[in-house]
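Chain nomenclature is as follows: A, B and C, assigned in order of appearance, with residue numbering initiated at 1 for each chain independently.
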Amino acid sequence: MLVLLRYEFILVALIVIFLLAWLIPGKSEDRSLSLFWINVLLFINFLFGFIPVEEGVLFNNMFYTNEAIGVQKMLLNFGALIISLQAYDWLKSNRNAFEFYLLLISTLLGMFFMISARNLLMLYVGLEMATLPLAALAAFETDSKRSAESGIKLILNSVLSSAIFLFGLALLYGETGSLHFSDMAGKLTGNPDGYRDTTLSLLLVFTGFGFKISIVPFHLWTADVYEGAPVSITSYLSVISKSSVVFVFISFLYIALKNMAPLWIPFLMVTSVLTMTLGNIFALRQQNMKRFLAFSSIAQAGYILIGILGASALGMSSVIFFVLIYIFSNLGAFGVVSVISAQTGKENLDDYKGMYHTNPMLSLLLLLSMFSLAGVPPTAGFFGKLFMLMAAAGKGYYILILIAALNMIISLYYYLRIIKSMFMDKSESPIAYFRSSIYSRIALVICFAGIILTGFFSGIFDYFYSISFGI
Amino acid sequence: MPAESNMLLAFIFIPLLTLLCLLAVKDLNRIRWISAAGMGLQLLNAIHLLVQFLIERSSGNLDPVLFEIQEEWYTAIRISLHFGVDGISVVMVVLTAIVTFAGIFASWTVSYWTKEFYFSLILLSMASFGFFISLDLFTLFFFYELAVIPMYLLIGIWGSGTKEYAAMKLTLMLMGGSALLMVGLLGLYFYSDPTGTNYTFDMLKIASVKIPIDAQRFFFPLIFVGFGIIGALFPLHTWSPDGHSAAPTAASMVHAGVLMKLGGYGCLKVATMLLPEAANEMSWIFIVLATAGVIYGAYTTIIQTDLKYINAYSSVSHCALVLLGICMLNRTAMTGAVLQMFSHGVMTALFFSLIGMIYERSHTRDITRMGGLLKVIPYLGTVYIIAGLCSLGLPGFSGFVAEITVFIGAFQNDDMFHRVATIIATTSIVVTAVYILRVVGIFLLGPVAHEEYHSLKDARWFERVATVTLLSAIVIVGIYPFWFSDMIYESLGGVVMNLGR
Amino acid sequence: MKAILFYIFSVLILACGIFTVTSRKIYRAAIFLLLTVVSVAALYFLMEYTFLGVVQLVIYAGGIVVLILFAVLLTHDSGSLLPPLGVKRTVATFALTGTGLTVFLYTILGRKVEPGSGEFNEPSVKMIGGQLLDLYNFGFVLPFEAISILLLAAMVGCIVLAMKFSKTMN
């Protein structure tokens, strides 16, 4: 049991440690030492992921784990570590660093339970645990009104979506008489008589998922929340939170609803086209970098849906692979935005003009991140996107991937706008040269290396492929 | 064949090493010389490849591709690093090496962010090399997209005029092409194995599979148009004049000289060879478009007054001739098309380098504001005239060989439609002569337009290196065309066989 | 007898529900909500779901509605009238709820419901408690523990948000 629940136990231990450290009186104002140890602990937590995971079931199917789930958890751990490193500059001056980590780790724990769930109850509990503390985190900057607004918007939307989700789950339970994915798969056989009920309950469940992955038309909360929240939380929401729900969405579709594919495939097709197109169109007009990245991440979610539509081992592995790359590229972009925001407080696209003159390394990293998000070689994003589209092509959805490919052109336009701003535009007052802390630099270098190298080391993808499954 | 195979890998590793060395240095002269040395080595390597290829062929080695090297890459989905060359690839590789080498010297005077400039330029050429030697559609597509992106930076940062607009337009249009292409290539992948188990991106394997005609009808236009956009297929050529006129000299050279050839090469070796049945069925559409492009490009050139626009529009015309040759779907016309790719590549690179050099001296590209330049800068002027003569297809230069082969091949199709298209396209020769002579007459000949022109210096050594390299290629191919045309002709066997199956 | 009670409570639920959303005094709306919630609990009792009924009373009536009432009382102007809905909003609300209602009615009416047979044995509270912490026989110990961590996180979150005051003091 200890072995199978390893990831979760470590996180609980971390929570206990943070809680105790939080309670110790007489803390100095200087946070750097404790932040150092926190990051070391998170790093150790990440390293534990390299120990192979066995397949196993605990608590009567409430908890399931196998190699693929281990990899997914490890990816989330990794992303959290990077975000923690990037948050150093910001947390150093914040009194509530311990609380930040406590909440962060709780959400991570929730995601782990959620990913491991093969049962609707654990799925729901995990999902709640993964989102509720995030609202507190989004409102973490207690003296900023925007941050408070972001927290309120996040919690209202997540509660609303949870309610819809829960209603859907309850109906599903009513129809199938079971909470377990595998039993449900047996009952949900796509029998046309039962379609009417199932359609409604699945629509509600998908709405719940849709809110969390922020796919159109359930995306309305995203931009405001992302803009108001502290940058680290924004990146956490857009990368870790989203990826974890994507993982569990895949298991839910591929296991519980494997016989219902004719029902959910059209749904995913329509939403993915909407998500890509609207995300891109809105991203075109943004001036604030965080808002811009918010919309770009909505569009990325659309591509992820296409990968899921592949419904094969290729589809699942390409999505996991894309998430890895997405962690590198989006966290690279957010990392740059985050250090600039922490150093200068500037968050607008216009502020980035002429940045290559003053901060060449940051500009280059942002350039690579943008290319990777746009899916342009030699960056890893090219491989990630192409494999997802390939998965969909395997099912013959050529028109869909044509739409996706044309959307990539639109997205390229706005990614190039950022590059133009940094490399081609002149500015009276470019962002002055600065050196960020060693922590953020480590994080940025990791992202940099990841963006360049991930695509070329085919072993990573091959490994993901070997642990993936389809319908 | 380890030694020869390494030769192919060197086409990627030499530029890669050059790029890494560039990262390490700061000094301006070192940057230039490292780039020049790297690309010089690459040129030698290309010539070596050419010689080795001819030796192998003359010793009776009739494999469709030589110097093959294959490494597993993504084993799970059977993507491999598969390189190898046939005659067409060799010609294209030599072209790329020549143009890039000349491009390095033509941009000797770039002083703004020199390192970044050479970095992008060499990255661009590396991508082209990779494209031409790829036998795997995945790597082919990888290099294709890789080639487009440095162009954005080259035009946007070092360009002139409406550079940001031009850069964006060019990039988006070309990436739009690659979007269509991607769908097509994925389609090829999933039709590469009728049994549905061992899908592959391997061009040689796909060539031996007969893809269902319905699928071909869907994918052929996607792939042909996808490649056609970068090959300036009318009416999707509009990125070309804007892009080329805004680009810095070396970028125009490599782009017009090499990158536009990616399109022709892809149309021939991917679209036509892998989807031959659809090519037979649909070539008429592209013949119409290509003919329109030839005529449109030629006539538009007449009214241009900006040197770069003149060359850009004439490129549209010449590149449309390449596509026309391919669409004629017979061996002679295709040989002509490939020859035209080479010929146009070196010729247009020469033009662009000369235009850059002249612009640096006269500070204008408007021909009506120049005059008598031949008197003050005789070397550059003479080379321009020679390039012009090549462009209008004078015997003795590569242009003549290429165009005449295309037209002879085109005439072999003896039905009404092909005849009419060919005859219409042939009139472009006359028009070309008109605009070349007009341009030369206006700005090279006649009285010297400005007093200060008398103080202009003629070509410096590095400019001579650039022009002589390109000029000798033109002349050599013009005088001994059979080296190339034989190589190309025999390499087209696979395509022709597929077309006739 | 049961049927009469059922209809009385159902009418109460519907009426109070409607009053909750139409009342323009927020305090009254909250009280009507309380009545709705209590009536639902009464339905549970009627169906002999005592445990569920108690949970409904304790959590919804005792916890949530009282919390809402507190919040209402602590707000300024809680006695004044809420602004009336505009025509646009009324139409939008009706359209939205109408669509929802139609979809649900369509689904529910399309379903063949057969009356259950046999006696209904309500599990005792003791059994439920045992089940919650059971490790083996379909026990719910894992969700139980997970929720306890969630509550811990929620508490910390509340403290963080409420700590604002002391921070500005320093």
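By definition in this document, contacts are C-beta pairs under 8 Å (C-beta built on N, C-alpha and C of every residue); 3 or more make two chains touch, one makes a residue touch a chain.
The model shown is predicted, which means the values in this text are computed figures rather than measured ones.
Setting chain C aside while the other chains stay in place, the touching chains still form one piece.
When chain centres are taken as C-alpha averages, the shortest distance to the whole-protein C-alpha average belongs to A. Each chain gets a centre from the mean of its Cα atoms; for chain B and chain C, those two points are 70 Å apart. Taking each chain's centre as the average of its CA atoms, chain A and chain C sit 32 Å apart. Between chain A and chain B the centroid-to-centroid distance comes to 42 Å (mean Cα coordinates, whole Å).
Not a single residue in chain C touches at least two other chains.
Chain contacts: chain A has no residue touching two or more partner chains.
Contact residues of chain A toward chain B in the complex are 314, 317, 371, 376-378, 382, 386-387, 389-390, 393-394, 396, 398, 401-402, 405-406, 408-409, 412-413, 416, 419-420, 423-424, 458, 461-462, 465-466. Looking at the complex, you find that chain B touches chain A at residues 73-77, 79, 142-143, 145-146, 149, 152-153, 156-157, 163-164, 168, 171-172, 175-176, 179-180, 182-183, 186-187, 189-190, 218, 222. Of all the residues in chain A, the ones that touch chain C in their complex are 12, 15, 19, 58-60, 62-63, 95-96, 99, 102-103, 106-107, 109-110, 113, 121-122, 125-126, 128-129, 132-133, 135-137, 139-140, 142-143, 151, 196-197, 199-200. Interface residues of chain C, counted against chain A in their complex, comprise 103-104, 106-107, 110-111, 135-143, 146-147, 149-150, 152-154, 156-161, 163-164, 167-168.
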